[in-house]
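Below are two complexes that have chain A in common, paired first with chain B and then with chain C.
Here is the complex of A and B:
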């Protein structure tokens, strides 16, 4: 039973890390910078799940407010001071 | 279609590297003898039968950050402080462009619904941040985590209520700098607290000492009236929380208050 539980945790970790790669890809190719910031926050959320499953709750607690709250907030305000669309 | 192809290539590359890493793990993983240090930390972090070496904190990460490796964290905090000072120095000309006028509930900020929700959730976020920071020696968390959580509040208030609200409530960068300096002074005094006690009573003590050590019997109390504070750890977390929350607030004020478009949410 214990072995199955561990395997399931590793499986969730694998899926979450692949999804984070997808989020990174979307954040890079997206031309709308606001959407790119949201994809980046999504990737941070996946990383927070990974940290939690890797038994590092201290990192989760510092990663969630900084990477999902503070950085997207600051980036969105900075984008509002420049242009929203990335040029070719 | 092109995006899906690119994504498939990237994902298969990641999966391939993962397979390679799994195969290499049998050779590359460090052996059991490397983990003696971790074993020592976990064995001594709270150990009533080992009084000369214990930290009396059930949270090993905070014990390592502020006791075993306290000097590293002190320098980390000062790096953050220097970065803020550099930011203030770069933004020194911008404060003349700070928006003038008084805050008006009806014309500034987002709608009433957003404002009410913010008003309800703000005390909760501050309470959660304070509990993360002040229970840092008991549960996962610590001063930086709690301070970063509290620092979300000024950002949300700037976006939802506009910057004039913060100015009207007296949250200025100078006041935050004072608060941050109080936090840093507190960290400095906590780091030499045991040393000062040792000087006062004429016994040998180390800088950054927490619990009594062999040859240096001076130490801070592990608990007050039965409530565990783990000596210096609680004070370090408290002052670090104040310093980090005030520091992030200064950064937001620099970034958002000054210049064009500073009156956010309008």
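Here is the complex of A and C:
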């Protein structure tokens, strides 16, 4: 039983990090900067799950409000003050 | 299939995708022309490096016993301390990453205000156009 529990935890870690690769790729490729910020917040959420599974719950408590709340909020304020589209 | 082989393979998948994240964000940092996109890539790169540090401090399961967060919740006795050192993950990378997350927030705020001043000065944030302009 314990052997399966170990494998399941590692499987969740692998799936979450693969999904974070997809989110990072979309955040870099996307031309609409608001969407890019939202993809980067998604990547931060996956990283928070990864931190929790890597036995760092104190990092999750700090990282989640900073990287999912504050940094996207400040970047969206910057985008609303400047320009939204990245030119070709 | 051997369970240990599958576990090693899954941990290797995690490490490889973190490496892929680092490579993609370095590409975005150097080759994307827009300033805001460069800031986003920088935050992703610093998060990925923090995750590498946390990953280094991780301890795999020993004989089916799971690792614990490095926190002692009861009054330390000799038995609980020996159990703690046998099971808990490394607390040092976690302390360093906690500091690095907050420093990364400060750096990002500075870069955001720098970008706002760049925009008021040049009326664009595209780095190819800013390179051409003078004054």
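In the analysis below, the second predicted complex is superposed on the first by the 88 of 88 C-alpha atoms of A that agree within 3 Å, B and C clash if a C-alpha of one lies under 4 Å from a C-alpha of the other, contacts with A are read in each partner's own complex, and residues count from 1 in each chain.
As a working rule, contacts are C-beta pairs under 8 Å (C-beta built on N, C-alpha and C of every residue); 3 or more make two chains touch, one makes a residue touch a chain.
Everything quoted here is computed from the prediction, not taken from an experiment.
In the superposed pair of complexes, A:87 makes contact with chain C only, with no contact to chain B. Contacts of A:57 after superposition: both chain B and chain C are touched. Once the two complexes are overlaid on the shared chain, A:75 sits against chain C while remaining clear of chain B. Looking at the shared chain after the overlay, A:25 reaches both chain B and chain C. By the touch criterion stated above, A:66 is placed in contact with chain B and with chain C alike.
In the superposition on chain A, the chain among chain B and chain C reaching more residues of chain A is C.
Of the two partner chains placed by superposition, only chain C is touched by A:44; chain B is not.
According to the touch criterion, the shared surface of chain A, contacted by chain B in one complex and chain C in the other, consists of residues 14, 17-18, 21, 25, 57-58, 62, 66, 70, 74, 77-78, 81. Residue ranges on chain A touching chain B, taken from their complex, read 14, 17-18, 21-22, 25, 29, 57-58, 60-62, 65-66, 69-70, 73-74, 77-78, 80-81. Note for the complex: chain C touches chain A at residues 3, 6-7, 10-11, 13-14, 17-18, 20-21, 24-25, 27-28, 32-34, 36-37, 39-41, 43-44, 47, 51, 54-55, 57-59, 61, 64-71, 89, 94, 97-98, 101-102, 104-105, 108-109, 112, 115-116, 119, 124-126. Within the complex formed with chain C, the chain A residues making contact are 2-3, 5-7, 9-11, 13-14, 17-18, 20-21, 24-25, 27-28, 33, 36-37, 40, 43-44, 47, 50-51, 54-59, 62-63, 66-67, 70-71, 74-75, 77-79, 81-83, 86-87. Looking at the complex, you find that chain B touches chain A at residues 3, 6-7, 10-11, 14-15, 18, 61-62, 132, 140-142, 144-145, 148-149, 151-152, 155-156, 159, 248, 251-252, 255-256, 259-261, 264.
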